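Next come two complexes built around chain A: one with chain B, the other with chain C.
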Partner chain A sequence: MTLAWFLQNLLNGLSMGSVYAIFALGYTLVFSILGIINFAHGAVFTLGAYLTYLLSVGQFGINGLLAGWQLPFTLPFPLALLAGAGLSGLAGMAVERLAFKPLRARQADALLALVSSLGVALILVNLIQYLFGAEIYSYPSDVLGSLPPAFIFKVGGKPVAVRTVQIVLFVVSLVMLAALAWFIHGTKAGKALRATAENQDTASLLGINVDAFILGTFFVSGLLGGLSGTLIGVSFGLSGPYFGVAYGLKALAVIVLGGLGSIPGAVLGGLVIGLGEAFLPPDLSSYKEAVAYALLFVILLVRPQGLLGGTTEQKV
Partner chain B sequence: MSALLEVRSLSKAFGGLLAVSDVSLSVEQGEIFGLIGPNGAGKTTFFNMLTGMTRPTSGEVLFAGGAITGLRPEQVARLGVARTFQNIRLFAGLSVFDNVRIPRQSRERSGLWGNILGSPLASREERETSEAAWELLKLVNLTDRAMRPAGSLPYGDRRRLEIARALALAPRLLLLDEPAAGMNPSEKAGLADFIRQVRETFDLTVLLIEHNVPMVMGLCSRIAVLNFGERIAMGTPEEVQCDPKVVEAYLGAQKRDAAAAGEGACLHSTM
Partner chain C sequence: MAAFFDLYGFLCIMILQQALLGYSLYFPLMAGQLSLASIGFYSLGGYVAAIMGTHPAFEAWRATLGWLMIPLEWLAALLLSVVLAVAVGLPALRLRGIYLALATIAFVQVLNVVVLNMPIAGGAVGIFGIPQAFESRFAYIWFFGPLLLLTILFTLRLERSAAGRNFMAVREDELAAGAMGVRTTANKVLAFVIGCALAGVVGAMSAPFLNTWNARQGTFDAGVACLAYVLIGGSRSKWGPLLGAALLVALPEVLRPLKDSRLILNGMVLVLACVYMPRGIAGLFAGRRA
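Showing the complex of A and B:
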């Protein structure tokens, strides 16, 4: 229990937690405007990871339909990251149009939208598997160009290592969080979005194009999903088309733990789970995947509405 | 005078229930028109059809000469039809000031990028919107609480804020759904004066749903009465007040018989 050990885990936890936060925010945004959990979000996370990999590496292995096929160009990683995130945003919009809007137009029960979004998730994941195969991919070590793979400094005589990728994760996530907070609280579109989240009918009667705002929300949600998929992918590799599902479940724990529909709650929840995993004693590390739900269980015993959830909370 | 709003044979069926049945009426430019009727008469469904929230089963709505039947709510709103709700629907988590700014924002020409980059058009529009919103808050005496969340206001202030928010759309037609609900007689008198004043100031036409017969009688130049979805009477307050069908709808058949016998059963018109 040295200072170096503490710092090392703190950095690891913050880096992962910030990615959990932006991924979970994708759920939160859709939930606050439609009151529905979009189960296709985990699949969009996978899609984003695969798209960025394709754009920056240029090809996919040996098993899928596209085996041996070579993209005629490749992009430097930062550009591929942006393009992958943008395309994931478009995928998010497609999910809204295919899985949610038709049901909403017929005023179907919210449970049906949940099932149809699960359906879209399965289709997407299987499509990825069909095209790219089921093997594990990892990025080449020079994906971040000439940057060194890690920075090592000494604290009290003990080394603390920060992987460059971890810094990228943290910085990109923080930038996204800041941009989102500013958009929601600092722009007139953000105000209209909050109004729409409070009451769609009233917003539309005041001239707000609710349909456009819903579509825009799915774009941002998909973008956050694709971006976090890419960040996890570049950090740990792509462990197959289903790897978004596990993270998707974890992000669900994040939003419930933070308080359903609360944006600060999703951020806090992400950091709590990220840090909880990082500080897990090494001999328990095989239980890492259980940390999120164990924390969720304990916190809900004390605060059933989640850390920052409340009956009068402001949703967006 | 010409009709600003013309409703032709409007009907709405929910399954087998005919909530509004073949209702026609026209509201003249500048008029304060009342729509009354007992609970469940279809008044709110009627409003929902005018504003595009509910699609009519049949019939037609003309606003300023053009058909608005089947338009989406935000399209109807942008043409200049604003409404308030029986159960007040403010954006409770947003500030009083933002509540009044939002309707005007949706009419601005500058888009998201102009707003983000601070283009001259966006800055000017934002200033104009804020000034206009401030004027409306002055009108309803809420400037001192402009930055408080709208949900924290007391009931009467929320009513007035909701009207101010509707006015921020710069409407030509204002639909008020039971604006006096939950008010005491002196507050009702104050509200009636306020509605008259607003109509003068903004050159509005007002269509008003109200439960409270005396208030409608004093305020409106013409009245239509709905009962079980049908328009059972229409005319000046004096004409409608002693109409046997209206008396029956409100007070029951006994009083109607008394009215028919010339015993003068009418709805009271004092508050």
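Showing the complex of A and C:
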């Protein structure tokens, strides 16, 4: 229980937690507008990681349809990160057009949107497997250019190591959060977005193009998904086309913990779960994957609306 | 006929087994509650049967009870499922909306982590050599067939009983049902527990059928498949889970010539079915009601 031990876990927890936060925000944005959980978000996360890998490394190895095929160019990592995230945003828009819009147009049962988004997730994940194969990929160690792999400083005589990747994770997430907060609260389009989330019919009467804002929300959601997929991929490698599923489910625990539909709640929930995993005692480390879900049950018991969620009265 | 069973007998039993898992989600859906828990209770039931069938601690029981051990395994799986279902369902079902789906996803994930860390469950390798109940695999139709028949009969009776009508009242309008004096939380929990108990028993029957049992039996993807049976088959019809399971279990076999791309098509079928058959296959036969 030294200060160094505490600082090390705090840093680990904050960098993971900030990625959980921006990933979970992708769910929250869609939920606050449509009241639906987009189960294809985990697949977009995977897609983003693979696209950035393709753009920065240029090829995928041995299996899959594209084995041995070489991209004619490669991008430096920061550009590939942005391009991968942008393409994931487009994938998010495709998810909305394939899985959600046709059902909205037919006023179908909300449960069906869950299955259709899972269907799109199945398509995306298996498409990735078909094209790129199922093996594990890791980014080359020089992906971040000439930066050293880690910074080590001493606290009270004990070393604390911060991987450069962790700093990238934290900084990119913070920048995304700031940009999103500015967009939602500082621009006219953000105001229109909030109006759409409040009440679609009224927003539409006020001259807001609701359909365009829904599509835009899916773009931002996909962008956040792809970005967080890349960040996790850089940190831990791409462990196959299904690696987004587990993170996708964990992020669901994040949004319940913070409060469904609450943007600050998703951020807080992400940080709580990131820190919770980091501070888990070493002899319980094999239970790390269960931390998020255990917290979900606790919150359902003691504060079902989530840490920052408000209660809404249901009117008849 | 014999050639048909040689080729497709296993597939037929899979359809019955998967249809039963579909029914285990049909009951909570009767009360308007979306659950993804079936696969977790299926996995749990399988572990109960696998441990009772192979663990040395139960050696004396197996020696004295003989074949009676098998129904005892079903009973143990049923009781454990009921207890856990109440524990999972009660906190989530006090709330309206999507919370049960999220809590059941969490349950499935936690169960997998716990099982992987329990020495008695064999870790990642799982449990091997579970004693067979029959010599031929096709004979397992005597497990799943009668259980499916019972489940359908139970559903028929339930629809006409007070409990079933309460479920449907909660599904149509939870506030109105509550105002009419229906105990909404209790009814939602009951519907959920019935489904989980069924899934637990199906798991206990499946452990000898599949001979080995491991954590891969309880993945999230398999849980989604169970939900797809009900919704594609028709969540408002008692035949829905059976129709959905028959279609979706047979589909990969039909699409086998397409090899790697068949899972992509599987996803497309899910999307198209949601858009063009919102009331499922059963809804196509039900005609156009207002």
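Throughout what follows, the second predicted complex is superposed on the first by the 311 of 316 C-alpha atoms of A that agree within 3 Å, B and C clash if a C-alpha of one lies under 4 Å from a C-alpha of the other, contacts with A are read in each partner's own complex, and residues count from 1 in each chain.
In the analysis below, a contact is a pair of C-beta atoms (placed from the backbone, for glycine too) under 8 Å apart; a residue touches a chain by one contact, two chains touch by 3 or more.
Please read these numbers as outputs of a predicted model, since none were measured by experiment.
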item	value
Simultaneous placement of chain C and chain B on chain A, clash or fit	fit
Partner chain(s) touched by A:Leu114 [first = chain B, second = chain C, both, neither]	second
Touching partner for A:Ala99 - first (chain B), second (chain C), both, neither	second
Chain B versus chain C as contact partner of A:Gly86, first or second or both or neither	neither
Partner chain(s) touched by A:Leu127 [first = chain B, second = chain C, both, neither]	second
First, second, both or neither for A:Ala294, with chain B first and chain C second	second
Partner chain in contact with A:Pro304 - chain B first, chain C second, else both or neither	second
Superposed model, angle subtended at chain A by chain C and chain B (C-alpha, nearest 10 degrees)	90
Greater residue coverage of chain A in the superposed arrangement, chain B or chain C	C
Minimum C-alpha separation between chain B and chain C after superposing on chain A, in Å	6
Touching both chain B and chain C, residues of chain A	314
Chain C to chain A touching residues, read off their complex	29, 34, 91-92, 94-99, 101-103, 105-107, 109-110, 113-114, 116-117, 175-176, 220-221, 224, 227-228, 231-232, 235, 260-261, 263-264, 266-271, 274-275, 278
Sites on chain B touched by chain A in the complex	51-53, 72-74, 76-78, 82-83, 85, 89, 91-94, 98, 101-103, 105-108, 112, 115-116, 126, 151, 165, 168-169
For the chain A and chain B complex, residues of the former touching the latter	187-189, 191-192, 194-195, 198-199, 201-211, 312, 314-315
Contact set on chain A toward chain C in their complex	37, 98-99, 102-103, 106, 108-109, 111-116, 118-124, 126-127, 129-130, 245, 249, 252-253, 256, 260, 286-287, 289-290, 292-294, 296-297, 300-301, 304, 314, 316
